[in-house]
Each structure stands twice: as C-alpha cells, then as structure tokens.
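Both of the next two complexes hold subunit A, though its partner changes from subunit B to subunit C.
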Partner chain A sequence: MPYFRITLMRSGIGLPEKTQGVLKALGLRKRMTTVYHPVTSSVAGQIMRIKELVDVKEVGTALNKKQMREARRPAPGYYVERRGTAELEPPQ
Partner chain B sequence: MFGPFRLTNPLSGGLLWKIPWRLSRHQKYRQRERLRKVDSIVATLDTALARQGESMRKLVRWKAEMPTEEEMLPKDKYTVFDRKVKRYRKAIHKLPKWTRVSQRLNPPGF
Partner chain C sequence: MALLGQTLRRGLFETRPTLPPTFLLPFRAGLTTISYSLETGNVPEPLIQSGHRISADLKEKIQSPPQFPKGTLPPAPSAAKPTHHAREDQVSRQLTPNIRQLLPLLHSQSAHYLTIHIHGRPYLVTQGDTVRLPFLMPDAKPGDILRLNRVTHIGSRDYTLKAPEAEKGTRDHGKRVFYLDERLFVCRAAVVGIESEPMRVMEKTKRRQRHVKHVKSILKYTVLRISEVEVKSLEEYEKEFAKN
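Here is the complex of A and B:
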C-alpha cells in the first residue's frame, strides 16, 4: 500500500488559521517532522493546501517513529564476527 | 546595544525602511527554485493518485489553469498586480509571506 511521506520544511506560523489547521490535522507539529499518510484523494487535497510548506514523496511502506530514528543512525564502525559466549560454553 | 530592540535608524521613528524596490538575482533564483518545488509536489500527487486510479478536481484544475515555472513569464514570476501602484505592478517581495504563498496568475491585461 503506497503512502505519502510528508515532511514540514517551512513553518506555518503567521499563515491563515485554515492552513495551520491542515498542518495540525496531518500531525505536522513543528518543522522537519515527518508523517506517513496513505495515498488517497483526501490526503492529496490536504497536501494541496500546504504544498508550499512541505516536501512530499510517494513511498511503498510507512515507517514508525522508532524505524525513522534507526534509519537516521550512522553506521557503528564495527561488525560482530562471533560472540564470546559461544567460546565459554562447555562442549557437549 | 544589541538584540531585537536595539536603537537603529528604522526603529527610532520616521520612514526609513530600506527594502529595495526590486529583487536581487539571488532572490530571483530562490523564487524560481520554490516555484519548481511546488510544481514537483503537484506532479508527485498527480502520479501517485493516477497509479491508484483516482483523480482530484483540484489537481485537474491546477494542471489546466496554472502555468508551470517554465511556462511563466518573468513578469509573473517576480512581480504581482497591485492596483495602488503606478503601472499596476510591484515586486513580489512586497507581498506578505511571499516565500510561503503561491501567486502565479494575475488579472488579464495587467
């Protein structure tokens, strides 16, 4: 199921109440927040109201908050060859 | 001395707002980029909905009526109609919130 990935790039401060209401309805509370919404005409209509403020991409799956955070995490710089606990266990 | 309420010439009374009457070429460049960004978002919405077999009246009207950045005249990109201004045109940076609103069409003939 395709989703719209919507990121608020420009703040809605000082814009009409209706525009700010659309941001609230989509769950965009402050700048650089990302939300996923299914591709429907109602969501597309909401995006049309705030098209100057957001960045929109069509993606295959929606990520939750934890997954988005993991995606941002840099590589740790090492990899685990084998665990030490396997060595310590007595042979069967 | 410092901060938002420091004593500067514009703040100490009188009419001294030094906003240039025309855009710089860098402001014009960023304005074009913003227009293109909105075009790309409309295109994204259109292709995503078309893939679902849906369409939207608002999008159909936008595509039919609104010129894209390439199709717009420089006059419409950087200036807007204003009935109070001599020759009926003012630079777009005089428009309140001009970097966050779409202003593409102007009255025909002006």
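Here is the complex of A and C:
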C-alpha cells in the first residue's frame, strides 16, 4: 500500500488556526518531523492545504518512529572479540 | 670628502654590467607563471618522497604491471536499502589499482595511525593510545577485548589511505558514509576500565517554594587502550580475497 512520506520543512508559527489545525491532524509537531499517511484523497486534500510548508514523497511502506530512528543509527564500529571472563571459564 | 666616499662606495658595491646587444639576449622572458607555494600539486614528487627510503625491490614491485588475482575485483555491491532514507554504511570490498600500487609503500613504513569510528564518531588512534570515550559501553566490561572494524583513514608518516567523504542525506537518499575495507587492517582495543566524572548536583526548585530538590549526576565513561594497530601487506590482503 503506498504511503505519503510528509516532512515539515517550514514552521506553522504565525499561521491561521485552521492551517495549524491541519498540521496537528497530520501529526506534524516540529520542523523536520516526518510522518507517514496512506495515499487517499482526504490526506491528499490535507497536504494541499499546507503544500507550501511541507515536502512530500510517495513510498511503498510506512515506518514508525522506532524504525526511523534505527534507520539513522550508525554501525557500532566494534564487536567484542573476547570477554575478560573467558579466562576464568574452565577449558572445555 | 663625503661625496667622494659615497661615489667610491657606489662604485664598489653597485655592479652595473652592460647588457649584450638585443639579438644575443635569450628569448625567454624573466617572468614566470609557476607558483612556488608548497601546495601538494606544486611540490614535485621526488621531493614529497624524499624523506622516505624505498628499497629497490619495493620500487620494482610497484612498477610492475597490475595483475589482479581471480576474484579480486568483485562487482561493486549495490547495497539493498532495507528502508528508504536509511543511513548507508558502505564498506569497501574492492582492490583498486591505487591500493595495489601504494599499499606496499604504506605497509613498509613502521608507524601507522587509524581513524576509527565508534557509533559514527571518529577517533584518531595509534598503538598504545588510551581513549576515554564520552559514553559508557554497556556491553563491554573491563578486561574485554574489542575488535574495531570501521575505519576511514589509515596513515603513516608519508602516506594516507582515505575512504571517500561522507555524502549528506537528501530528499532522495539517506546519508552515505564510506569506510575502508576491514581486511586491510587489524585494530584491537582492550577495555581498561570505567571512569566517572566528578559528582554534579543540580538544585531544582520553584519560586516561593522552600523545598529544594537536589538531583545528583555521576556519568560513567569507558576507557579503551588500543593494544594493536596492524596494516596488512598486499599479499595478505590478496589472500583474503582468495578466501571468500
């Protein structure tokens, strides 16, 4: 199912209440917040109301907040080769 | 008398040789557009390498035409992004002609440094360094040996092997970070211990409120000691390709 990936690029501070209401309905709290909504005519209409503030892309799957955070996580850069307690274990 | 002295001095110290006739002068002008600054492009190669002794055997090896063993040049793997806009960590897997030519030189110098990346943050280390990380590694206890595998620079006195610069994420793709091949080096660190900062006490209170809450903080930091920094030679590196 296709989704809209919506990122708030410009803040809604100082804009009319109705416009800020649209941002709230979409879940766009702060600048650079990214939300996923299914591609429907109603969501498309909401986007049209705030099209100047927002960057939209169509993608195949939706991600939740945890998945988005994991996607940004860098590789740890290390792995534990040998434990300090390995010497205490009896030889097998 | 003073005037005479001056003219004598002028005669002794000022040499004004008479120029030969124009047709005998050289054609080149005295002006030059060559820059004499010490930028890398300006300094000729023999001067850059002048501090480094290269043995005759090594020179021969470098100048020999490249012969790539079987399986040395796998096609560049197109990393299948698990999620769109995800950060991509591309670890090199190729033996380029540049590495083939210069790795022997890098390996021949005795002391090496690495720029390791732990959780994406770079640390420039060499053997015997103590690194106090700005965080606590929850899974690494004192006495454990860590193997570090994300490196962007391997350098010695005269040579540096660098991975390409990271590309900023855009609307269409996530951040792309490039690392050097893990098989080029071996870097081990021992977890020496855990340090803590001096205790900090933060007072939290409100106006017209007598009660003051005291919140104490003591953050812990992991300390590593880089026990081993080794750069593989070209033969060893090529053997790794044969293994896979």
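Criterion: the second predicted complex is superposed on the first by the 77 of 92 C-alpha atoms of A that agree within 3 Å, B and C clash if a C-alpha of one lies under 4 Å from a C-alpha of the other, contacts with A are read in each partner's own complex, and residues count from 1 in each chain.
We take it that a residue touches a chain if its C-beta (ideal position, glycine included) is under 8 Å from a C-beta of that chain, and two chains touch if they have at least 3 such contacts.
Keep in mind that this is a model prediction, so the values were computed, not measured.
After overlaying the two complexes on the shared chain, residue contacts for A:Leu8 are found with neither subunit B nor subunit C.
Using the contact criterion defined above for the overlaid structures, shared-chain residue A:Tyr78 touches subunit C, although it does not reach subunit B.
When the two structures are aligned on the shared chain, A:Lys57 is found in touch with subunit B and with subunit C. In the superposition on chain A, contact of A:Leu26 is made with neither subunit B nor subunit C.
Contacts of A:Ser41 after superposition: subunit B is touched, whereas subunit C is not reached.
Overlap of the subunit B and subunit C interfaces on subunit A: residues 55, 57.
Residues of subunit B that touch subunit A in their complex: 34, 37-38, 41-42, 44-45, 47-49, 51-52, 54-56, 58-59, 62, 97, 99-102.
Subunit A makes touch with subunit B in their complex at residues 2, 4, 10, 14-15, 39-41, 44-45, 47-48, 51-58. Within the complex formed with subunit A, the residues of subunit C that make contact are 82-87, 89, 116-120, 139-150, 171, 174-175, 177, 188-189, 191.
The part of subunit A that touches subunit C in the complex is made up of residues 5, 55, 57, 59, 61, 63, 67, 71-85.
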